[in-house]
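Have a look at this one.
To keep things simple, chains are lettered A, B and C as they appear, and every chain counts its residues starting from 1.
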Amino acid sequence: MKTLIDKIILVILLLAFLTSIFLIFAWVPPIKASNPAEQIAQRIFYYHVPSAWIGFLAFFVVFIGSIAYLWKRERKYELLSVASAEIGVLFITLVLLTGPVWAKPVWGIWWTWDARLTSSLVLWLIYVAYLMLRRYLPDGNKRANLSAVVGIIGFIDVPIVYYSIRWWETQHPKAVMASSEGGLAAPMFFVFMFSLAAFTLLYVYFMRVRYKLLVMEDSINKQIKEMEIL
Amino acid sequence: MLKPSLAIVQKDLRMEFRSKESILAMWIFSLLIFVIFNFTFEVSRLVMLEIAPGLLWVAFIFSGMFGLNHSFAVERENGNLRSMALMPVTGGSIYLGKFLSVTIIMLLFETLIFPIFVIFYDLQLTATLFLLIPVILAGTIGFTSLGTILSAVSVHTRNQQILLSLLLWPLVSPIIIWSVNLTSMVLAGEILTNFLPLLIRIIAFDVIFFTISFMLFDYILED
Amino acid sequence: MSEIALHLDSVSKDFGRIIALRGINLDVQPGEFVSILGRNGAGKTTLLNIISGISTPSEGEVLLFGTDPAASSNKSKLAVISHEMFLYSNLTAVENLEYYTQMYRVEGMEDKISSVLETVELTHRRFDLVSTFSRGMMQRLTIARALLHDPQFLLLDEPFTGLDQHAIAMLTTILKGQKAQGRTILLTTHDLHIANDLSDRFVVIDKHRVVYDAAVGALGVDELRSRFFSAEGAQS
């Protein structure tokens, strides 16, 4: 059921990620670090940070989809929210996995109860709970309503989680994009933006596929019902 | 608007006080938390004072979970939640009623737990200790305003209790973290300049969560 | 009272892949007593839930007294008796009723409560916890609770289940009284004789659709039974 657009996106994605691997490992100059392991590990940054950003974007879509559902009561908004929540959890999982890959050589530990790490974990837990809730409920209005409510409250909580835990000392590297000291060097910035674009496209692709699958599931269920009724 | 909410509070408190043994059980349970913690972490008095605020909130949260589960188990028996959806009252006033009764019960538990805490950790009863009252109030209201709506969400599932924990704990963690921070300041007797801003922040989020839940509660009642 | 009490226009309801109702059309006039018959799983309870507004149809339109069933103006006109008791077992009979009068803003609370308790013959047990009641007594208290706010429209989902002969006679009398006062009543039951005795009209739902809708007397009880509830063709 892949449309031409899906196929085109898939090809672009393939090229984009191959290019990004080339850019990250062969093209962009390594950072200046005393520790050679850190020079290598730093490259994960180009996947780690875009994953986090896309995770946020995905949860924002859950939020908007949930509001739209409660307002319009249309199935498509429910499906959109679920698809986005699943994909968001996937991306935050990537964040939680790529983080330790960097932390081990640089900090010498896989995990620490640092502000950024803890808040990402809490974020992940919120949306895993959202998905769990849906698993526990039978399909129907009730489930759509309840998960929309959690989708809304969950997203409002996101900035609060980040805000609250920032109160702690953080070892986590500064948000380089926003820092005042000039930010990233030009080639690094380029590679980062390239990677971000690739991840955004990946999100779009996943959304299209997952959403279509959910719609298909619905239509199969409908056909089964029509058969049963005869 | 307020009348039906108060009717819910009256009914809930009546039932709660009728089962005094559950209040006693809760009290003993929190005692156990302190005891077990002492067994499992044989720490020096200095460290103990450092983790005491966290411990206090752990006991509070358990009592809150206990109250929430109880309060909504009662609504589930005999389809009372459905009956509420049939009544000529808004979802908001039902939310307010349940929120009030859960909050009152949790505050009651906390009042019972706190003296044990004072004795076990040999707290000096200084004047600054009164600053704990707004801290506990703000933290508790944050917990119950989120806890009430999430209980109403999870009560529709078979695994109500586990799901409530899964939903509530991550969502309420910011408020708990701040409450623990503030409690540490008060217990250490060092009221930092950010005490008031932090307290105001908790209150602000209490208001946000309460308002959102109040508005969304109608959607939870309908089928 | 000229306005139609209930109007359903091609109402369907699904629970995910489970079908509950298909294309239900039904009009009920004020003061009418309609019995809804059908096998287990036919969709009767779902239909009553949609009428009471706690469940929204997947498709179609429902109008109760000309508006959305969930409208607040409808809620105080409506009473529901279902297999769920809507009672708190840790409260006494009177406390349960007090709670209901507060929620429904019933005037003259005490008189009202003693009169409904009288009607269901529970006055002597009024200060006992509901948890000490037998099923039949709880059912009677449920009936009392439903009558507290003088509802215009009664939705009764198998209210006779679990009642003894005496209580059945009591409920029958109560329902006749309600009908005499001009209340609109929708009843689901498996007892064709009681339904025949009480109602103006029969509606039979089979496999989620209305398959029969006619005034009482159009078909006799035995004929109805053999047409819709015979053993052959019985399903799970």
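Going forward, a residue touches a chain if its C-beta (ideal position, glycine included) is under 8 Å from a C-beta of that chain, and two chains touch if they have at least 3 such contacts.
Computed from a predicted structure; not experimentally measured.
Q: Based on the touch definition given at the start, go ahead and assign the chain network to line, ring, star, complete or other.
A: Topology of touching chains reads as complete, every chain touching all others.
Q: Select, from A-C and B-C, the pair of chains that is joined by more C-beta pairs in contact.
A: B-C
Q: Using mean CA coordinates as chain centres, what's the gap between subunit A and subunit B in Å?
A: Their C-alpha centroids are separated by 32 Å.
Q: Just the number, please: Cα centre separation of subunit A and subunit C in whole Å.
A: Computed from C-alpha means, the inter-chain centre distance equals 49 Å.
Q: How many Å are there between the centre of subunit B and the centre of subunit C, using C-alpha atoms for each centre?
A: Spacing between the chain centres: roughly 39 Å.
Q: What parts of subunit B, by residue number, touch at least two of the other chains?
A: 222-223
Q: At least two partner chains per residue is the criterion; list those residues in subunit C.
A: 55-56
Q: I need the residues of subunit A touching at least two other chains; which ones are they?
A: As it turns out, subunit A has residues touching two or more other chains at 140-141.
Q: What part of subunit A is in contact with subunit B in the complex they form?
A: Residues 70, 122-123, 125-126, 128-129, 132-133, 136-137, 140-142, 145-146, 148-150, 152-154, 156-157, 160-161, 163-165, 167 of subunit A touch subunit B in their complex.
Q: Would you pull the subunit B residues touching subunit A in the complex into a rising list?
A: Against subunit A, the touching part of subunit B is residues 146, 149-150, 153-154, 156-159, 163, 166-167, 169-171, 173-175, 177-178, 181, 198, 205, 208-209, 212-213, 216, 219-220, 222-223.
Q: Residues of subunit B touching subunit C in their complex?
A: For subunit B paired with subunit C, touching residues are 3-4, 6-7, 10-11, 14-15, 18-19, 74, 77-80, 82-83, 85-90, 221-223.
Q: Can you list the subunit A residues touching subunit C in their complex?
A: 73, 138-141, 221, 224-225, 228-229
Q: For a test of understanding, state which residues of subunit C touch subunit B in their complex under the given definition.
A: 49, 52-56, 70, 72, 75-76, 78, 80, 82, 84-91, 95, 99, 102-105
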